[in-house]
Amino acid sequence: MGLSEAISKFVLQNAHICIGGFTLNRNPMAAVYEIIRQNIGGLHLYVHSNGQGADELIGAGAVSKIELAYAGTGRFAPTCIRFAKAACLKSILIEDYSNYQMTLRFMAGAMGVPFLPTTTSLGSDIIEKWGFSADIRRKDKRLPADKLIVIDNPFEKGEKASKVVLVPAINPDVAIIHAQTADSKGTVRIEGLTFSDIEQAKAAKHLIVTCEKIVEPDELKNNSGLNTLPHFCVDAVVEAPYGAYPTACYKRYDYDPEFLQTYEKYAKDDSLYSKYLDNYIYKTKDHADMLEKNIGAKRLQVLKADSDKGYSTKIVRKSAV
Amino acid sequence: MGLSEAISKFVLQNAHICIGGFTLNRNPMAAVYEIIRQNIGGLHLYVHSNGQGADELIGAGAVSKIELAYAGTGRFAPTCIRFAKAACLKSILIEDYSNYQMTLRFMAGAMGVPFLPTTTSLGSDIIEKWGFSADIRRKDKRLPADKLIVIDNPFEKGEKASKVVLVPAINPDVAIIHAQTADSKGTVRIEGLTFSDIEQAKAAKHLIVTCEKIVEPDELKNNSGLNTLPHFCVDAVVEAPYGAYPTACYKRYDYDPEFLQTYEKYAKDDSLYSKYLDNYIYKTKDHADMLEKNIGAKRLQVLKADSDKGYSTKIVRKSAV
Amino acid sequence: MEKYTSKEMMAIAAARCITDSDIVFCGTGISMLAAMAAKHINAKRSVIMFETGAIGSSLEDLPLAVGDPRVMYNADIFGTLADSFAFMQNRFTGKNIVGILGAAQIDRYGNLNSTVIGDYFNPTARFAGSGGGADVASFADRVIVFMKHEKRRFVEKLDYLTSPGWLSGEDARKETGLAGGGVYAVITDMGVLEFDKQSKRMYLKGYYSGIEEKAIVDNIGFEINASKAAQIKPPSKEELFVLRSKCDPQRLIL
Amino acid sequence: MEKYTSKEMMAIAAARCITDSDIVFCGTGISMLAAMAAKHINAKRSVIMFETGAIGSSLEDLPLAVGDPRVMYNADIFGTLADSFAFMQNRFTGKNIVGILGAAQIDRYGNLNSTVIGDYFNPTARFAGSGGGADVASFADRVIVFMKHEKRRFVEKLDYLTSPGWLSGEDARKETGLAGGGVYAVITDMGVLEFDKQSKRMYLKGYYSGIEEKAIVDNIGFEINASKAAQIKPPSKEELFVLRSKCDPQRLIL
């Protein structure tokens, strides 16, 4: 299955989706761009600290609601720019959680339980202020009735019982993650940090995996301990070289400070941003075409990861910050 | 720190302990034998499906209470022999859970939450019958007031709410696990399946790691993704070659069917069993001495793991079953 | 026709229940042989999985426990106990999971006891306990149970209900809040029993060649409907060949 | 004496709070430099850890985000987000964890806002949100906060309480059920503020060389006790050398 087909088959209008990665690392950008290209809208997006992927989906108007912990790309955009604009314009609805809460929510979905407990955020406005109205929650059966519930620890009796925050499970319609390698049956190997990609993948009704390289079936069996997802979790596995670009893919390539800087310039200005969408996304037929037209093989070579370090030792990061 | 010192320092009389491994795999047997040698008694033992380690501790009279999911070593002892005898003689108190419940209880302890939810075992006697009396639970502050608690899912309102089983966290005084490798600072690398050793290790107040080989500090940094525990979780790291014997240690050596068969013969007969304890444990000064006197280098050579398979291709398993 | 043992018949009867889309959670012994046989014969794309965390095990050599290092050989992935059970509890993956269990006692609704004989607090015999049994029985979409066909094992009332089957029958299982589809076949050394879709009572589905229906019914400690029973096809030459030469050439279990 | 910037002073002031037994959870920017400086100078055995799951990172090159692949280089171990926060929530490991955070607003009890300016449902400015901030603030035994010393940031009442400090002061934090020890130092470009052990109100602990006490107090939007303030030792030659040559030779943050 090609990426275009995988997106159109699983990412329907108004779908609940989550995307893997963290800030400027291993975001499934090829898939994000394809969603934008296909003009799929009304998405309900779940992320912990996704960063670039979330901002581009929001910038393109694909997102109507977002549940998140953090929208930023570190020093490049301490707050994601299109996200911040959309928040102030109220063109998206936002529900705020903490990173651990979002992680636990994906984990609850993966485990098949309705909630998981934690004590994080007690006393904060994350507990007090709910972004989605009761009406919105009632109308979409995929949403829990409550943002979260604070209970007394039932194992402690009486007034001395401590408080516990229960955060509800997320079971998105689709999860999309990007990996270094998968075999053609769908066994997935992520190198380096997995963030909460594994939990997201297991929590979703459908899973699309893009990867740098698809290998022969069972080729990854040589080292089972390095594999991260079994094939029966995967609905579509698509080879998408540089599929995380402009974010990093450990041991393959780095994030691109030049692109992120360019993006910042476009994102800050509404009229420029529509040009960005045109030139980088709408007018390119797929990710390979986008890379060829806008980035070029020479630049990709600079981004190539040093085999020891796992990231590029050749990029200049100073100017970008 | 040597094993003898680590055991006497952390495994106190009446301690709550858990031991890693599964049935006949990677039980921390060198540590188990040392506990028996030191005559430490009154232990409260937590295991999911530990097998050989649990049975030898019980056989030696070291255990007063056990919370478990399963006591067996597969085809060698579908039910652990000394465990079954102790249960019928009521010389130990038993609290039964399922494997997933015990795993979740360790996980809750590791996560620092008082409980985790599941739906397993609803309608079963695991929910209905409690092995420890309210009095026992009240007297030991380390035990939760309830074996488990069944609640209505608070995210579903009214009579349609589904049931959820909350299982209480375990935070043992000491966890003991056996690994293939650790560095001298305590970073641990387990090869092959980790079972629930990682959760147990993180849940415990103190952690003793025995391992086949201790390497230089930071020698394991070459492949961070293969490491399983950071050094700040570890209180004592002890080199104990063949420390899982007679259970298996993946990629190092297999379980020993001959020993397990011998053990069965001794374990079934009370008078023989005291001879077993004498000859194999009390009269040997440490694990190396036990191996030398009772097993021999030649036998250990037969058990050596094939480098591809990870287990021995030379042992005869037929007679043992 | 070739001769075969009841163990071989049992393994083959269970293997036939497994399909290509199944993820088979198996225990030690004959259930492992059934899973292996299915993978070699009628369900080549099925996945063998163990509670210990090994997923997609190749099983080149027969493991003698689910913790045996042989379950690790050429697996698709190493998970943890927590991962394995989560795959069962999770409704997306759980719906494809077939569990295979054994027990000391079974009742008419397929509830299982693998904990004690006698009073829980004063047992006459103690077994290993639930292990993953209660979990598989709670979560897996379909559960196959292996039983020795003895009257003392097919009982009116269990001494301890370790692993939930259909509980008290009818909709009791669903109402209790259990997710999985429940026990759907009991395979003994005499025949195969299934459960009525409505009442959830056990009935005799079939008997092996050479076994009399009466012997089956007489060796069950509760009333059982045998009116729909038919003879079960003996193992084919190919099935026996695969079982003997590929699954257990050393005859560790068979 | 060598010249230095306020950023350098801030990084060093924070580094000095870190000890050998600490596990340092840091964010992006100056907090990472503080952790690196401590590891090179005064707390060589401390461990640097990121919410993204990298534990014991070597940080040979300065990461520009906690998701930067540079946090992975020569780490002790790769965990997940779930693992990282569990190490904080877990009381055995959590007691050694020092968190370093930034924020848009802070109040007198060290509560932080990194979510919105204005009404939550009608904001005039939107920030990234909690990220791991609320988690670190809830769990870590000690939290250090970096702030720009501006009156609009040191406010009487937060627009949104993202990360809990001492809440309403006195025993409020403990009574609410939060485990960690709370915010214990606020490091600004003018000085260092700490919290009264009893009332949990912020007070001025010290000011940097060349900064007037009055300027500090005037740039805080609530009343503050400055009676115990003393001058803070400027960065030593060694501290500056390490910070500049080992932590950020490319001047990406400094």
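In order of appearance the chains are A, B, C and D, and numbering begins at 1 in each one.
Keep in mind that, in the parts below, contacts are C-beta pairs under 8 Å (C-beta built on N, C-alpha and C of every residue); 3 or more make two chains touch, one makes a residue touch a chain.
What you are looking at is a predicted structure, and each value in this text was computed from that prediction instead of being measured.
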Given subunit B and subunit C, the chains that contact each of them: A
Computed distance of Cα centres, subunit D from subunit B, in Å: 40
Interchain centroid distance [CA atoms averaged], subunit C/subunit D, Å: 56
For subunit B, residues that touch 2 or more chains besides their own: 111-113, 118-119, 162, 164, 192, 225
Subunit D residues counted as touching two or more neighbouring chains: 54, 72, 78, 89, 139, 179
Chain-level touch network, classified as line, ring, star, complete or other: other
Touching chain combinations (by label order): A-B, A-C, A-D, B-C, B-D
Contact footprint of subunit B on subunit C as seen in their complex: 28-29, 51-54, 60-61, 63-73, 78-82, 85, 89, 115-116, 120-135, 138-139, 160-164, 167, 172-173, 176-179, 250-253
Subunit B to subunit C touching residues, read off their complex: 21-25, 48-49, 51, 68-76, 78-80, 83-84, 87-88, 90, 96-101, 103-104, 107, 118-126, 128-129, 131, 162-164, 192-196, 198-199, 248, 250, 254-255, 305, 309-311, 313, 317-318, 321
Subunit B contact footprint on subunit D (complex, rising order): 23, 47, 54-56, 58, 72, 74-78, 86-94, 96, 139, 179
Complex contacts: residues of subunit B adjacent to subunit A: 111-119, 144-146, 149, 151, 153-157, 162, 164, 166, 168, 191-192, 225-226
Touching residues (chain side subunit B, partner subunit D) in the complex: 109-113, 171, 187, 202-205, 218, 220-222, 224-225, 227-233
